[in-house]
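Look for subunit A in each of the two complexes below; its partner is subunit B in the first and subunit C in the second.
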Partner chain A sequence: MLALQILVDGFAISALYGLGAVGFTLMFGVCGVLNLAHGGIMVIAALVGWWVAANYGVGPYGGALVGLLAGLAASFITYYAVIRPVQRSRAIPPVEEEIFILTSTLLWGIMLQVGLDYAFTDNPVTMQPLLPGVVRIAGIRVPQNEVLIAVLCWAVIGLLSLLVNRTRIGKQILAASINPRALTLLGFELSHVYLVVWTIYGVLAGLAGVLLASFLGASADNAGALTASAFTIVILGGLGSVPGSLIAAYIVGYAETLTAYLIAPTLRPIPALIILVIVIYIRPQGLLGRR
Partner chain B sequence: MKAGTLWRRAAVFLLGLALLTGARAACAADNTPIKIGVIAEESALLGKSIIDGAKLAVADINAKGGVNGHQLELVVYNDHSSAADAVRAYQRAVQEDHVSAVVSTFISEVYLALEPWAARLKMPTITAAAASNLITKQVHDDYDKFKYVFEGWLPAPILAQAVCDSSKDLFVDMLHMKSAAMMSEDADWTTPLDAAQTVCLPKAGLQVVDHIRFNPDTTDFTPIFNKIEGAHPDVIITGIAHVGVQPTVQWHDQHVPIPMGGNSGQATNPEFWKTTNGAADGIITQTGAVPGVALTSRTIPVADEFIKATGKFPAFTGFTAYDDVRSLAEAMQRAGSTDPDKIVAEMEKTKMEGTLGTLAFYGRDDTYTHAMKYGKDFVLGTFMQWQDGKQVCIWPRDKCPNPMKFPDFVKTPEQHAAN
Partner chain C sequence: MPKILRSPLPLVLLALVIIGGVAPIWLDAYYLGIFTVAYYFGVFAMSWDLLFGFAGEVNFGPTFLIGLGAYGAGLLNNAGWPLPLCIVGGAVIAVIGGVALAVPALRLRGPYFGLVTLVAVLLLLDFIVIFAAQTGGEIGMMVPDVLSVSTAVNYWYAFGFLVIAGAILFGLSRSALGLILQATGQDRVEAQALGFNVTKHKVAAFAISALFSGVAGAMLTFYQGTASVDQMVDLSIAVQIIIAVVFGGRRTILGGVLGSIFLVLFDELLRPIGQLNTFVVSGVALLVILFWPDGVLGYVLRPREER
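This part shows the complex of A and B:
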């Protein structure tokens, strides 16, 4: 019974981790941006969605939709107000661009966290479950919302896979991740591809934020931890590798769940960090990283 | 004009100028407000209520003429619930802003960091809610050094006693429960709370079948509830304040069939229903005051003032901060001075009608020196339950005879027996 409980809970939390990390790694793989404001964008989606649902009676789905749109808007603002000015600046040498972007997103993330703290307080909020009630799976009680979250996460990851592998724009994204210069020489507008990636990223981060808020709750204080969690998963899976991130999400999710159930809930984050240190030591490029 | 006359006139002019300046300075000194510092986290539900409570008390005192002819002035500092920020704010309050007393934080770890500074800077300081017994232990063990420190809420072992007293009436006598699991965040205030509850719950008739302490950063409570369910307790006794929303929502969403009671600091805030989307339904917690219940003649008028000023009923820290400022102001009034030692001496004599009961502090020889006195003749605290979006008072039974109500997924021993 306990094994089944661990299996079910670990699957749901890992799916959510995976969804949160996929956009983060896609962004690095294609645009070369390590977005340290990632957690802040997820929390914006969560808090705005909760606030609208709580104050305007739009229901859990209406709140989730507004939250998702807020995540998308935050993604665009990050791109146009933080990333593009750095990329276009002539004062910043190209070799230093990455470190400037890293610093800019870090500072932007702090600004988002402080702003959210001011606007919403740092008390956690939870969105209404998209599917209330519980279901019994082989004798164990599982919230239906948890099942829906796992299904939704995998459905969205599947759609992303279809988009990248089966559509024209998806192939442009793949090409941009492999050789952006060649793509430009073939006449494609790289900034257009980047904008599409930021759109996909915004949807993924917004959805992950909204689902997180209806599953575990979210607060402004979580922004840093969410970025760190995505960062850990992406480093473990290999920077820029979407399949690597998904595998890493499940390793981290199950390591945490096993620890919480079998050892102590307090020690939950420890094993993932130990695994990360071991992987960095033995295989610095991560599980499926190219470099 | 003769030189001597000129000098005489100049001397008279300078003398007049000096007298005038002195007189103006004296006038200014007469009108100088007495500053009281408030150190709390503005963006936390309990911290915001501390600030609001202190503001309201200052406004009420000033409306009645202030203290010894001086108006009170509040200086608010945001400590972000960080000990380092709180210490910096405290130093600034005392050394730069020259406050005469400080009302501070609801977090024991933060207040314990301020305690040595209160002793060093000889500044009367009171917490609106920090409950660790280490606070008063230091005052008791080294009175001359730490006598400036007061605790404006019940210390954790006394909170535990109140939990056991109420559990006897509510859970054992009324719901025929026999066992409990304790679930507490790992914090300074819950260590003595849990230790005391481990002793007094069995005496009240509840055998403790499980005891879980968890990191306040915990977000997923599923494994914790799962483990507790495995121990088959009749009730979960919580000791939480840093967390609140997440365990409550997950308890509700996962349909954990065991009632939750005890201490849930965030659940005392009227916004809790909204932040949990109604998942708070059925949650029981110890609190200061509950809407509509007059613990003293001051409870309801002050609550009404709060609602008028902030739009909502305060968390319990709003009431304690209000009473803390009043007790300090009355001590200054009686002392006729803002001298720290005189204020402390008068604070020790405090026996005033507060919003939660008669406010007084334990003395030098008592175990909990300078903590708020507990009991039917002083402050007893109340227990409330969230029912259909309202905070309903359920204990003490003589003041609150309302029945308990639980959501459908919760099963009491009687319902278990019926099934």
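This part shows the complex of A and C:
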């Protein structure tokens, strides 16, 4: 009974983690950007979605849509106001660009977190479930919302895989992650590809934020922890590898759920960190990493 | 060396040391307290710059080292050790912890090293909360002894330590070790090909960084009478250290002190706007990073050096 509960809850949580991490890893794989403001963008989507749904009577779906758009907008702002200036700066040597992107997105993430804290307070909010009611799966009660979230996450991940593997722009994205210079030489505009990736990233992070708000609840204080968990998952799975991230999301999701149910909810974040440290020491490129 | 003698830098520094040293005579006690904290922060920043600016390693876990020093010293003090021994003990614990972290972690490159250090902080935070019975958890751990009850004496302790740490770290950065670190930071393979043991030097840099961070953490604990997660271990502290260094000018060691004083004073000035001050400070730091990536001191010094 308990085992089944863990299995079901862990599945939904892991699917949500996977969705959050896929955008993050795609961003690194294609643009070489580790966005430490990731959690901030997710929380913007969550809080704006909750606020609109609670105050403007547009229902949970309307709120979710507005939240998603807020995530997308935050992603564009991050790109134009933070990433592009660093990438184009003449004063920053190319060797140090990575460090500068890490530092500036970290600062930007803190600005988002503090700004949201100021605007919405740090009380955790929970969005109205998208689907009310419960279903019984093999004898245990599961909220329908949880089922919807798991299905939605996998549907979006599936769509993303179709987009990347089957469409023209998807193939450009893939090419940009393998050899950006060759893509440019073939006459494609690299900044156009990057913009598409930031759009995809914004939608994924926004959706993950909104779903998080309706599932576990979210607050401005979560931003750091969300970034850390996405980072953990992505490193565990191998930077830039989407399937690796999904596997890692399930490892982290189940490790957390098991700890929360069997040992103590307060110890929840610890096993993932320990697994991460072990993996980094034994196999620094992660489970399915390329380098 | 003649280059340094020709520049006004040593005179400026000497003047600053004298002004700083006699500050208790003319400065308000309230501001002395603020500067005391800023000086410890300055040591954190300088230790971090040795790793980041010179060895090219982003250590997201300076607070891991500071926390080890602070909590190590605090626990020893609570166990009845006298204060000076506690500071030594805290420093030893920080160095051991730092080397234990660095030796395996330095096999990793770029973001992976940063991540491991980040995880080290998160784990330390979790452990402090889990062992709340001994460490006081999120509230902080009281220590029985304090450095001094006099504001001026506390100020001089902090200032003296800042000057000593600054002199040693600045000297190191201009020594062979500093040059080798800088070389490995810029081109690891080539530095190795020239016959330098890259890992050994980086571990040494990490140990030195840990030593000063640990002593500063321990002294800050005995200045405030508590070791607290919010002021010594939390990731936001790490971020402030990073901001201080980048703002003051990375690869200058002394820029970190400038950045720390700016940060602490600015924070104080912005106190009326409450919560939003972190927002403004981060915003200013972000602008500095985007438009003057060499920082204030880098901006002042660099053009002259390159001429």
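The rule is short, and it goes like this: the second predicted complex is superposed on the first by the 291 of 291 C-alpha atoms of A that agree within 3 Å, B and C clash if a C-alpha of one lies under 4 Å from a C-alpha of the other, contacts with A are read in each partner's own complex, and residues count from 1 in each chain.
The rule is simple: contacts are C-beta pairs under 8 Å (C-beta built on N, C-alpha and C of every residue); 3 or more make two chains touch, one makes a residue touch a chain.
Predicted, not measured: the structure shown is a model, and the values here were computed from it.
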Partner chain in contact with A:G170 - subunit B first, subunit C second, else both or neither: neither
First, second, both or neither for A:P180, with subunit B first and subunit C second: neither
Partner chain(s) touched by A:G32 [first = subunit B, second = subunit C, both, neither]: neither
Partner chain(s) touched by A:T266 [first = subunit B, second = subunit C, both, neither]: both
Contacts of A:Q5 with subunit B and subunit C, given as first, second, both or neither: first
Which of subunit B and subunit C A:Y118 touches, first, second, both or neither: both
Subunit B versus subunit C as contact partner of A:A54, first or second or both or neither: first
Touched partner set for A:A228, first subunit B, second subunit C, both or neither: second
Intersection of the subunit A residues that touch subunit B with those that touch subunit C: 117-118, 266
Footprint of subunit A on subunit B - complex, ascending: 41, 43-45, 48, 186, 212-215, 217-224, 226-227, 243-246, 249-250, 253-255, 266, 274-277, 279
Residues on subunit C engaged by subunit A in the complex (per definition of touch): 52, 56, 58, 104, 107-108, 110-112, 114-116, 118-119, 122-123, 126, 129-130, 186, 235-236, 239, 242-243, 246, 275-276, 278-279, 282-283, 285-286, 289-294
In the complex with subunit C, residue positions of subunit A that touch it: 34, 82, 85-86, 89, 91-92, 95-96, 98-100, 102-104, 106-108, 110-111, 114-115, 117-118, 224, 228, 231-232, 235, 239, 266-267, 269-270, 273-274, 276-277, 280-281, 284
Of all residues in subunit A, those that touch subunit B in their complex: 2, 5, 9, 13, 54, 117-118, 121-129, 132-134, 141, 143, 145, 216-217, 220, 222, 225, 257, 260-261, 265-266, 268
